[in-house]
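Structure first, then comments.
So that you can tell them apart, the chains are marked A, B, C and D in the order they are listed, and the count of residues begins at 1 in each.
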Amino acid sequence: MLSPARAPSTAPQAEAAFDVADTQALVVSNTAVNSDYFHMVLEADGLAAQARAGQFFNIACPATGNDLPYLRRPMSVYRAAPAKGQVEFLYKVTGAGTRGLATVRAGDSVAILGPLGNGFTLDPNWKNIVVLGRGVGLATLAPLAELAAEQGVGVTAILSARSRALVMSVERFAKSGATVEVVTDEDGSSEPAAVEKLLERLIAQGKADAFFTCGSNRLMLLMKRVGEKHGIPGEVAMEQQMACGLGMCFCCVRSFATPDGDTEQRRVCLEGPVFALREALSW
Amino acid sequence: MLSPARAPSTAPQAEAAFDVADTQALVVSNTAVNSDYFHMVLEADGLAAQARAGQFFNIACPATGNDLPYLRRPMSVYRAAPAKGQVEFLYKVTGAGTRGLATVRAGDSVAILGPLGNGFTLDPNWKNIVVLGRGVGLATLAPLAELAAEQGVGVTAILSARSRALVMSVERFAKSGATVEVVTDEDGSSEPAAVEKLLERLIAQGKADAFFTCGSNRLMLLMKRVGEKHGIPGEVAMEQQMACGLGMCFCCVRSFATPDGDTEQRRVCLEGPVFALREALSW
Amino acid sequence: MVDLRVKIGRMTLANPVMPASGTFSEGLARVFSFDHLGAVVTKTITAELRGGNPTPRVCEVGQGMLNSIGIPSKGVANFIDKIMPEYERFSAPLVVSVSAPTVELFGDIVRQLDIPGTAAIEANISCPNIEEDGKAFAMRSRSTSAVVKELRAATKLPLWVKLTPNTADVAAVALAAQDQGADALVVANTILAMSIDTETFKPRLGNILGGYSGPAIKPIALRMTYQCAKAVSIPVIGCGGIASTEDAVEFLLAGATAVQVGTATFVKPNTMLEIVDGLEAFCQRKGIAKVADLIGAVRDTDMNVDKLEALP
Amino acid sequence: MVDLRVKIGRMTLANPVMPASGTFSEGLARVFSFDHLGAVVTKTITAELRGGNPTPRVCEVGQGMLNSIGIPSKGVANFIDKIMPEYERFSAPLVVSVSAPTVELFGDIVRQLDIPGTAAIEANISCPNIEEDGKAFAMRSRSTSAVVKELRAATKLPLWVKLTPNTADVAAVALAAQDQGADALVVANTILAMSIDTETFKPRLGNILGGYSGPAIKPIALRMTYQCAKAVSIPVIGCGGIASTEDAVEFLLAGATAVQVGTATFVKPNTMLEIVDGLEAFCQRKGIAKVADLIGAVRDTDMNVDKLEALP
C-alpha cells in the first residue's frame, strides 16, 4: 500500500519536503464556548501540531441530517501544541459546514489539511506589539499573543465585540501576559474614533512596535492608516471563500497594492492569509 | 400554518380519505438482530400504526459521514401495534440507505411514509394456510402469521435460510401459534424439490387452503406451480426498485400475466406489493 | 397577508407552486388536497399506447436520481374517461402534458384535449422527433418552431412549452417557442445521464441512459431559467431540483413566474405544501407584499463585489 | 501485479490517473509526489495576460461547486520560465493546457510550447471564440474542426482536445475533433450553472454564471464519455465528478482510457493517489490482469433485465 509521502519508485533526487498533510485527527473535545462559538481540540501528530500562529487548516465538516457540506472549511489554528500533539480551533457556527462540525464528539475523527498558508512574522527587535481583533479574528490572534510572549515581546490585545458578554478569549490573552483592552459596541468604545485614540495612546507609550489585526475590515483600515501615519509595520490575517486551500484553484484571490502603486491579485490561501497591512486593501 | 390534511379553503365536497401520511416517528429502539439485520421499533400515532400485513412504508434514511442516501427505502411493516401506537421494521443492512438507517438511535426521529400498497388478503373461509419465506421475506410474512392466528386460521410457516443460525423470527412465528418448519441450504432441506415435498405433505394433510410467499423467486415459482396444480390460491409479496411508493413515478413496474393470457405491467407500490400468485411472473 | 397569486398568460394561479409532469398522480391526493396547489400537471400522455422502458427504471445517483420511465401511456380516451374525472373535485387548474412523435400528431392530440377540464396544455417537446433524426424537438430552434406553430394553430387553450436542458442554446429555443405563440415555457426537463454498476459492469438502468433529476441539477436548471427569462417576455416556469422554499425563491428571483416540483415529492411528499407555506412566511419575513414581486428580482447588476463581512 | 499502464496515442502512461486542468498546481507536491500520477496537466494558459473574474469566484452547491475563476494567466514566457521547471523533477509527463480567443492565436501558443518538457498539449476549446459569436469553439462541430485543424498543423506533439458539456451533441463535436487529427479527447469541462443567495438576492458568484463541477455532474460527464467513446476511435479521457476508485472504474467501463480528477482534489488532496492504489486493488479483486481491460467493458448489450435477487 502506498502512503502519500511514500518514496516514489522513480525518485531521482532529494524530494521537496511534504510540509502539508491531510491528517485524520482524533477529536479530544468539541464544546460550546457560548451560544455561537465552539472550541475543538484535536489530537494530531506530526505536521499538524507544528502549525504556527496565523496558519490555517482546511477542515472536512461531516454531513448531518439536514446539512451536506461538500467543500472543506478554512479555520485558523487557535492553538498548536507540538509537545502534546494537539491542535485546537475556535469557530463560529454560521452555516452548513460549521453546523456539521459542531456535531462531532470526542472520539470521532476529523480530516484536517494543513498547516496551510503563511503565519505572522515577529521581528526579534520588537519590544511591544498591538493586536486588534474582533469576532473570529480573535481565534487567529490568540496564538500570536502567546508566540510573542514566548519570545519576550510585550503584547497589548484590543478585543472588540458587540458586548462584553461576547468577548472571547480574554482569559487566554491575559494568561499569555498580554495587557487586555476590551472595547464594545455596547458602550461605544469599539467605535473607530475611540479605537484610534487607544492606538495613539499606545504609540505614545512606546507600546506599538508593530500592529496585527484580524476579523474586521473597518478596524483593519484604521490600523493601516494609523500605522502608515507613524511608520509602524503591521500584518493582517484575511479571509476569502476557498476551495483547495493549497493555491491550486485561484478561488480565494483578493486585490492588494503592489509597492509600485499597482494593484494585483493574490491568493489568500497561498500568499496569505497573513499580509502586510501596507499592501492590504479594503475588502 | 397549514397541515397536510388541513381542510382546503375551497373544498366543496366530502374529501377522499387521507389514508397515507408522512409521519415523523420517534425511534423507540433500533438494534442489531444478527450480523446483517436490524430491528427498529418506532412510535407513530395515527395512520402508521394501522398498517396491515403486507403493506410497507417508504423510509427516509439519514446521511452519515460516507453515505448520503437520497431516495427513500421501502420496508415492509414487520409489526404494527395500533394500541401502542407503534410500528416495527426488520431490515437487512445492504447499502447506503440501510447503513444510514442502522445509525439511528432511540430518541432520534425517522420520517416514514405510509402505510403504502395492498396487504395480504385472508379469506374468512380458510382454515389453514402455508407461508413460505426466505431472508427479508420473513419480515413481510411475520405479521401475516399473527393476523391469521387472530382470525383463527392455522399457519404452517416454512422458513428458509442459508443456515440455521441465520433463520430469523422463528420465535415470532412460533409465538403466533404457527407450526414452524425450518429449511436450510446447509442440510439441503431448502432445495426446491425438498420444499415441494413438504408442500405436498401439507396439502395432503389439509393444511394448505392458501399459499403465501415472499423473498425468493425460486420459492415463489415453486409455490405458484404447486398451487396451480392443486387449485390452491396464493399471494406473493414482491420487490422492485422504487422512488415514490405512491404510484406516481412508474419506476417500480413488473410484468404480470393477465387473466386473458397477455402480460401487463403493474406498479409494485400501488397495485402490489402483494399480488395473486397466479398472475406473478418470474423476476 | 401575502398575495401568493401569479399570472401565467391569462391564467391566474392561486400560488406559484405545481408538480412537474410525471412526478405526480392522483395517488398524492391520499396525502394532501390538491386544492392547495397553484395548478396540477399530469404525466405526459400520448395518443399511441406505450409500454415504457425496461426495468430497472430508476437509480439513485448522489443527490438526485436517473429515470428511464419513458412515457407509458394508455392513450387519450383512457385519460379523458379515467384520469380526468379524478381531478374534477379539486379547484387547482388541470394542466395536461402531451407528447407526440411528429408535428402533425402533436396537433392531433392537442385538439382531442380541447375539452372542459383542461385548463392548459403543456407540450413536452423533449421527446424524439421521428420525422427528423430522432432528436427531441426542443433540441433545436427550427423543430421547436415547427411544432409550436402547429400546436398554436390546434388550440386556443393556454399553451405551455416544456424545454429540454440537453440543448446548447436554450434561450434560442425559448425564443423560437415564444415567436410561434407559446403562452409560457417550462424550463426544463431531465438531463441525459448514465450510471454503471462497477460490480456487475452493467448500466444501472435497463435503458442504459436516463434522465437526471433532483437537487443535483438545480444549478443548471436555474441558469437556464435565468437565460430564458432574460430572452423572452412570456412567463417562464422553473423546474429542476426544487425541493425547498429557498429553492423556489431562487427560481423566482432568476425570473421564473412559477415553479414545478418533481423528484422532491418522491423524497418528501409534502414538499409542495411546505413550499406554498414557506413562500408566504418568506415574504412576510422580508416584508414583501406579493410573491410576484420576487419574479426576476435577482440583483445582478453592480456585481463587482469583493466582500466578506467580518463575523461579529 | 496488475498492469496499470494505458496508452493515449503514442504515449504510454504509468497509470490512467491525472489531474484536471485548473484544479492542480505545484502546490500539491507539498502533499504527495507527482511521480505517482499517470500524467500532470497544467492550469490552462493563454498568450495574453489575464486577470480572471471578480470575486466571489466559488460557491458550494450541493455535492459540487460553481467556479468563475476564468483563466487568469501570466502569459507563456512566465509559464516556461517559472512554472515548467517546477515539474522537471517528476517522472509524470507534463500536459500543457492552452487556450486562445481565435483560431490563429491557438496555433501561435501551441507553437511556442513545442519545447522540451511538454509531453502533450491539451487544447481547452471550451473558451469563447471571439471571431464568431463568442460561443465556445467546442459548442459546435464547425468551430471545433477549424481550431483543431489549425492546432494539428501547428504541432507534432500529442494533441488532446477538451470538450465542453454545454453542447447539444458532444459526439458530433468529438468526431469533428478526431477528423482533424486530435490524438485524444478530454470529456468534459464544467457545466454552466448558477446560484442565487436568497437572503441578499445576489448571484453567489461575482460573475453571475459559473462552471459546475464535482460529484453532482458525474452522471452527465459519464454519459458524454460513453457517447464519445462509442463515436470515435481515438482515446477518450473521462472527466467530471470523479472522486473515488469506483468512479474511475465507471468511466473506464464507459469507454474512457484514462481519467482526470478535478474538484475531488480540493476536498481530499490525496484522491488521485487513492484512485491509483484503488484501481490496482479493484483489478486484483476482480481478477483483471490489466487495467486497460476495463476500457469500454460496460455490459450494455442484452439489457432487458428485470431482476432483483432475493436478499439471502
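Throughout what follows, a contact is a pair of C-beta atoms (placed from the backbone, for glycine too) under 8 Å apart; a residue touches a chain by one contact, two chains touch by 3 or more.
For clarity, every value in this text was computed on a predicted model and none was experimentally measured.
Chains that touch both subunit A and subunit C: B, D. Among the remaining chains, B is positioned farthest from subunit D, on the basis of C-alpha centroids.
Centre-to-centre spacing of subunit B and subunit C amounts to 35 Å, using the average Cα coordinate of each chain.
Rounded to whole angstrom, the centroid-to-centroid distance between subunit C and subunit D, based on C-alpha atoms, equals 32 Å.
Computed from the mean C-alpha positions, the centre of subunit A lies at a distance of 56 Å from the centre of subunit B. Among the residues of subunit A, those in touch with two or more other chains are 68, 240-241, 254.
Among all residues of subunit C, those that touch two or more other chains are 55-56, 62-64, 215, 306.
By the touch criterion given at the top, residues 22-25, 27-33, 35-36, 43, 51-52, 55-60, 62-65, 67, 69, 72, 89, 91, 214-215, 263, 265-270, 273, 276-277 of subunit C touch subunit B in their complex.
Of all residues in subunit A, those touching subunit B in their complex are 62-65, 68.
The residues of subunit B lying in touch with subunit C in their complex are 1-2, 4-6, 8-13, 15-22, 60, 68-72, 96, 111, 113, 240-254, 265, 270. By the touch criterion stated above, subunit D contacts subunit C in their complex at residues 54-56, 61-64, 66, 135, 139-140, 166-169, 191-196, 198, 200-203, 206-209, 212, 215-220, 222-223, 226, 246, 249-250, 253-254, 282, 297-300, 303-306.
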